[in-house]
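Lettered A, B, C, D and E in written order, each chain numbered from 1.
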Amino acid sequence: MQRNFLETDRVTVAFGGIVALKDVSLSVVQGKTTAILGPNGAGKTTLFNAVAGAVRPTSGKVYFQGADITNASPSRRCHAGIARTFQITQPFGGLSVRENVMVALAARGVTMKEARAEASTYIDFVGLNAKAEDPARILSTGQRKRLELARALSTHPKLLLLDEVTGGVDRPSIPELLDVIRRLREERGITIVVVEHNMEVLLGLADNAFFLNRGEVVVTGSVEEVADHEAVRRIYLGDADVAA
Amino acid sequence: QEEITIGAVGPLTGPAANTGKDHRQGLELAVKDWNDGKGNYVSQNPPKIKLVMEDTSGKPEVAISAAQRLITRENIKMLIGDTLHSHVTLALMELAPQYNLPILSAEPVSSAIADKVLSDEERYQLYWKGNWNSSGYGTAVHDFYKWAFDNKTLDPGDKKIAFVVEDTDYGIANAEKVGELFKADGWTVTSTETVPPATTDFYPQLSKLREAGPDVVVSVFTVANSGIAFVRQLKEQALDTSHLAIYYPTKPEFLQQAADVAEGTYWAALTFSSELNPEHKAFSDRVQAEYGNPGTYSTAHAYCTMEIALRAIDAAGSTDPKAIAEQIKNTDHECVVGRFKFDKDHAVQSGPDFIPVPVAQIQGGKNQIIWPENVATSKPQ
Amino acid sequence: MLRLEGVNVHYGATRVLWDVAMEVGAGEIVAIMGPNGSGKSTVLKAAMGLKKPSSGVVSLDNEELQNKSATLRPKRGMSIVLERRRLFPRMSVEENVMLGAYTRKPSEARETFRWVLDLLPEIKPHLNATAGKLSGGQQQMVAIARGLMANPRVLLMDEPFLGLSPAMVKTVCSIMQMINERGVAILFNEQNAKLSFSMSHRGYLLESGRVVLSGSGEEMLDHPEVRRVYLGIRETAA
Amino acid sequence: MSATQFIELIINGLITGSIYALVGSGIALVYGTTRVLNFAHGELMMLAGYGVLLFAVTLGWPVLLAALATILIVMLLGAVIQRVTIAPLLKREDWAFNVVAATIGLSIFLQSAAQLIWGEQFQGVPYFFNGVAVIGEVRMPWQRIAIFLVALGVMGLCALVLYRTRLGRIIRATAQDAEAALAVGIPSGLVHTAVFAISAALAGTGAILLSPLVTVSPWMGASYLLKGFAVVILGGLGSFGGAVAAGFLLGLIESFSVAFVSTEWSNVVAFLFLIAVIWARPEGLFAGRGA
Amino acid sequence: MLEVFGRRPYLVLLVMALLLAPVPLLQLNDYILHVLTLFLIFAVFATGWNLTLGILGLKTLGHHAFFAVGAYASAMVSHYFGVSPWITIWLAALIAALTGLLIGFPILRIRSMPHVAIVTLAFAEIVRLVFANLKEITRGELGFWGIPPFDPIQIGETTIRFGLGNAAGSFAVAAIMFVGVHLALLLLLRGRCGLTFLAIRDAEAAAESLGVRLAAWKLFAFAISAAVVGLSGAVYAHYVLILTPTSVAGPEMLISLLAMIIVGGVGRFFGPIYGALLLTVTSELLRDFGDFRMLLYGALIIVFVFAAPAGIAGLKPRFSRKETETRKTVEAV
């Protein structure tokens, strides 16, 4: 059977009694950018965790490039080409920003010298040059978010999962970051899945979208279609006229 | 005339520090007497002696470090060590061939030391053990019980014996030796419980003992509070058995704290008793006058060990290691704890003719020697 | 009522705030804007006493607080919603929220609790859940609820909308406006210039630890610098 | 095995276990609330031991009064230790290991200080309760029964405070994010100190109950420390109730292992059990509500 | 990594090697050489331990078990089977590494500091008890003696002898091991290996998501660290020639080694070396204070934790950074 680039097949994730994802089946087309929308607690991060391997689904399967990766470890998935950022940032506090970025390169077997040089590219991308040699533990919220992105990029992903990557980043820098992401997609053909609450950002970035509510996919379509959907406006965007 | 330095190492800190301090007093006192003209001299012109003592904390590697320091810094001509521990002595005796230094240990008793000497007499020719072998206890305990069964003081019952001993060479070697001798008489050893040193809760072991129902229980501890606890708990559990204690009743705190529950306990070996032995009392008073605390077996033994060392150096007439060792070998010296004479295994001999190993019983809150009969102060009850 | 004068803050040898002066008048909503790392969070922490300034004055109703313990401030009516949702991760949501009223009488606290739940009904189903296991946005709501429980006169909020869905952002905005109408002064930071300056009476712009611009909400929105950099309104769009 | 021995083993296990539980729950309390792994906990026991010795033996006070005075003093000491050596470290970013290091240092320091002050000897304390209860064939001195009962009582009291009172809630909040606790106005520094004092009281109670059995010495506490830690882990880190349950369990395991294998292997059995549990259930046997 | 290694780690090691090289020729008295030999052995021990404690960030408190395993393994193989210690020390390192893997497995999944600390502590206690209880082969607490010293080496005219009483030879063995181990570790850790360890220390989940194979790396770190510690134990065994379970695997070993690492600087590559030097030497100097020795020892640990938490290695002027402005940051943004 021909499978899409990334597919989840009736994935359910339950934490004790709480069902965070319920039979979620969705597929992501290679080269496209997909947005996951949904109110808080809808299960977006959990979906990312299931795809990246940080949680095991209670039932269901995850396929990546046709292969079943449901039981693969996060590191194997990374080597297969899946990278993610964390919504709640997780820097390597004792390493410098540059070394943070070098970790993934080293895990791929790149020599230290090459890794050092390549890291500069990503640090440049996210605008952290000035902090490159500082320990990551002193970074502020926005700086940490940028670091997350740089690290994810350094894994040479085929699939990039961005969990609120612009949250906390100052507005003037967002266009630049988006530029970087867009360029990557065009130059390297990276497939991107984003969780993002900033609709402006989404409209300029994503091709299609899934709307998740209480662990279930409710609406699918292009970003515009989804954003205009009645349920999305009511539950998610909270438009006064509809919500009333 | 030049001063000769003798080094000593012993446990001055750590759990055995009390005993180590007694040793230090005994060693110092002997040297003081010697230098003050009150010594038990061999020659007309005895040398002046200086004593330097270092701490081992009861650990072999520390002891070696300390001894090396004494050897290289203080230029000692002889080492007394270890003053207490057998395992430390086993390490220290290696220094004798390495540094060509006569070494005389004080209180260690382990038979393993003598075995090691016998395994390579050439190598350990400079090493001497200033105490009898641990097997000495075994013989005494066995002979005492045999005597008691023979004259119907005690009833051998089903001929079952059990041991509760401290997990040291001392405890285990004693249990093995006594066990062997009893087995030869047709006894069975129901169990040997080894507990870590300083254990104070014996309920699990006692529960096991009660099931086995031995006729004789032998306990060996070097830490007095283990013994105190054991005797008390044995009484609480009202086990119907004869109990013989090894070593710990020599500690004064044993009777102080356990007098109420220790009545009737047999024990070995009452080698030092100010109450029963006027000579011991005189020595103890001497220590009291000098240091403000009474003398113990350890003080007296250290005193005697130092006397042997001093007399050997005196007799050798030089600090030549071989000559000193030769003189130690020739020692036949009557001292406050008994007569010191070395055997072929470089250890001091025990028994009625040498250092006596008498068995005592606590009667009316006091220690009485009950065996051997020739030195007994009371009859067993 | 809350006033910062000449506040300097160092992290080790690094100086992150330079003579910062800010004021929050009674009944005002005041927004802080600035690039990442400019020191917004540090200003709020210094105001709340969680980071001690190396020099300068922090005063509430003319009472100097910079050398007093942080615990005094909730008693004086200050409370803070911390960045990165600093909850008590292994306590239940209810316990977390209730602890916001630590300095208040239990009976009053119960009442406020009901009020807070009415304002933020989204947390109701999770009251018995362990706070650390909630989703990012849910944690943020709990943090806001906890901040409200103190019934503060001055509320400090560090990126209160971080991770909230658009609908929740609106809810929280209206809550802020509503309690402000009841007389609560609010000092907060948020990256969305339009949102934050339009809902606030006054605003500050912070850059590299210095206040570079301040004024009323409208003034800030109209300022060419703000328009260009923070609202992306340019003559030649990129 | 006879029924009598079986009962005896259970009783012995429960009594030993109650001491492990007392020690462990004290460590768990401190760990649960402050994330501090206190390696000097055993030395608080030791100090309490010398306290009883002073009040009950040297000064000859009545037992209850002596115990009370001892507990008060140990609580004070616990508080002082926390203020002087631990509180300043908690402000650091990398305090977790610093505190372990500091308390290890403190533990050696106190041990050797005690040795200098009181000497190396093991000092006996007479039984507080005399007599032996005889039930059928089982003989149990009242002193031992008292250990069990008092330990249960004291731990129950602590649990009550921890889970049923406002103080308990504050303690638990401080446990989880001290800065956030500070932000809502909880004087977290004081709470930490108070927790230390309570934990010291638990250690003190343990020591008072034990001193007639184990005698008082500078090393008195050290031997219980590893067992205390094992109990904390088995019970689920920082869980007060878990530590209590695990304490009894460990006591029983030890008591039975003496019966089946010889004594010198009983600790090996106990620690292997610990490692096996960690392997199979890292969250502990009784992981429940974190303190 | 700057914090861990400093600016020029190879240079520092070279200086150390150059300082050690002439020592045997100085005709120092045996006692001083003895203390220095102990220092070198403990420095290797401490460095090996620091690998998991400070660099991988797993707060293990049971590495004295690997020291004991290494020491006993080498001692028993050479004693019972007559194999030359020159060979058995490597065997010992291997056995220690395997033991490391053994205890590495159960704690793989554990992330909490106290779990790891206590489980490893309990493991060390098991090791001590096993050596103490297997009296038939180890002689228990009575001590394992009869350990052969290293076989003499003939270089031209001179024969270099080892073991007690041959201080210069023993010092040389320890010094070569010291320099060799540190050089090897430096080569290993300055590369991706060290980077990965430090990443695991700071954020495990993130490291895993970036392609780091956690289990493999952790076990690898454990094995290397145990091997280094085991090697130092083996050399120790053939130097002191007697082992007791308490002296190699007892709590005092734990405390003194931990103190060395803390005083030197946890997680600093060279820290444990400075710590080992300071504490080995002071503990010998303090010998004159008798009873006060342990007291001061404890106090020293406390003082260092308070006054210099980064240890001696952290005392050196690290980043001679003046007040940096935040301006730069913002311009780059």
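Keep this in mind: a residue touches a chain if its C-beta (ideal position, glycine included) is under 8 Å from a C-beta of that chain, and two chains touch if they have at least 3 such contacts.
All of these numbers come straight from a predicted model, not from anything done at the bench.
**Q** By the touch rule set out at the top, what is the minimum number of steps from subunit D to subunit E?
**A** When the steps are counted carefully, the minimum from subunit D to subunit E is 1.
**Q** Which chains sit in contact with both members of the pair subunit B and subunit D?
**A** E
**Q** Just tell me the minimum hop count from subunit C to subunit D, counting one hop per pair of touching chains.
**A** 1
**Q** Computing the C-alpha centre of each chain, which chain sits at the greatest distance from subunit D?
**A** So the chain farthest away from subunit D turns out to be A.
**Q** Looking only at C-beta pairs in contact, point me to the busier pair out of A-E and B-E.
**A** A-E
**Q** Could you please state the distance in Å, as a whole number, between where the Cα atoms of subunit B are centred and where those of subunit E are centred?
**A** For subunit B versus subunit E, the centre distance works out to 39 Å.
**Q** Just give me the whole-number Å value for how far the CA centre of subunit A lies from that of subunit C.
**A** That pair's centroid distance is 28 Å.
**Q** I'd like the Å distance between the centres of subunit A and subunit B, where a centre is the mean of that chain's Cα atoms.
**A** So the centre of subunit A lies 76 Å away from the centre of subunit B.
**Q** Roughly how far is subunit A from subunit D, going centre to centre by Cα mean, in whole Å?
**A** 48
**Q** Show the residues in subunit D shared as contacts by 2 or more other chains, in ascending order.
**A** 115, 264, 267
**Q** Give the residues of subunit A touching no fewer than two other chains, as numbers and ranges.
**A** 131, 170, 172-173 - these are the residues of subunit A that touch more than one other chain.
**Q** Can you pull out the residues of subunit E that are in contact with at least two other chains?
**A** 132, 291, 293-294, 329, 333
**Q** Help me check something: in the complex, which residues belonging to subunit B touch subunit E?
**A** For subunit B paired with subunit E, touching residues are 12-13, 54-55, 59-61, 64-66, 68-69, 71-73, 86-87, 90-91, 94-95, 98-99, 110, 112, 116, 167-169, 172.
**Q** State the interface residues of subunit D toward subunit E in the complex, per the touch definition above.
**A** Residue list for subunit D touching subunit E: 31, 37, 85, 88-89, 92, 94, 96-98, 100-102, 104-113, 115-116, 222, 226, 229-230, 232-233, 237, 264-265, 267-268, 271-272, 274-275, 278-279, 282.
**Q** Along subunit A, where are the residues that touch subunit C in the complex?
**A** 15, 18, 38-46, 87-88, 131, 138-143, 146, 164, 167-173, 175, 197, 199, 235-238, 240, 243
**Q** Quick one: in the complex, what on subunit D touches subunit C?
**A** 166, 169-170, 172-173, 175-177, 179-187, 290
**Q** Hey, which residues of subunit E end up touching subunit A in the complex?
**A** Residues in contact with subunit A: 1-4, 190-192, 195-196, 198-199, 201-203, 205-214, 267, 328-329, 331-333.
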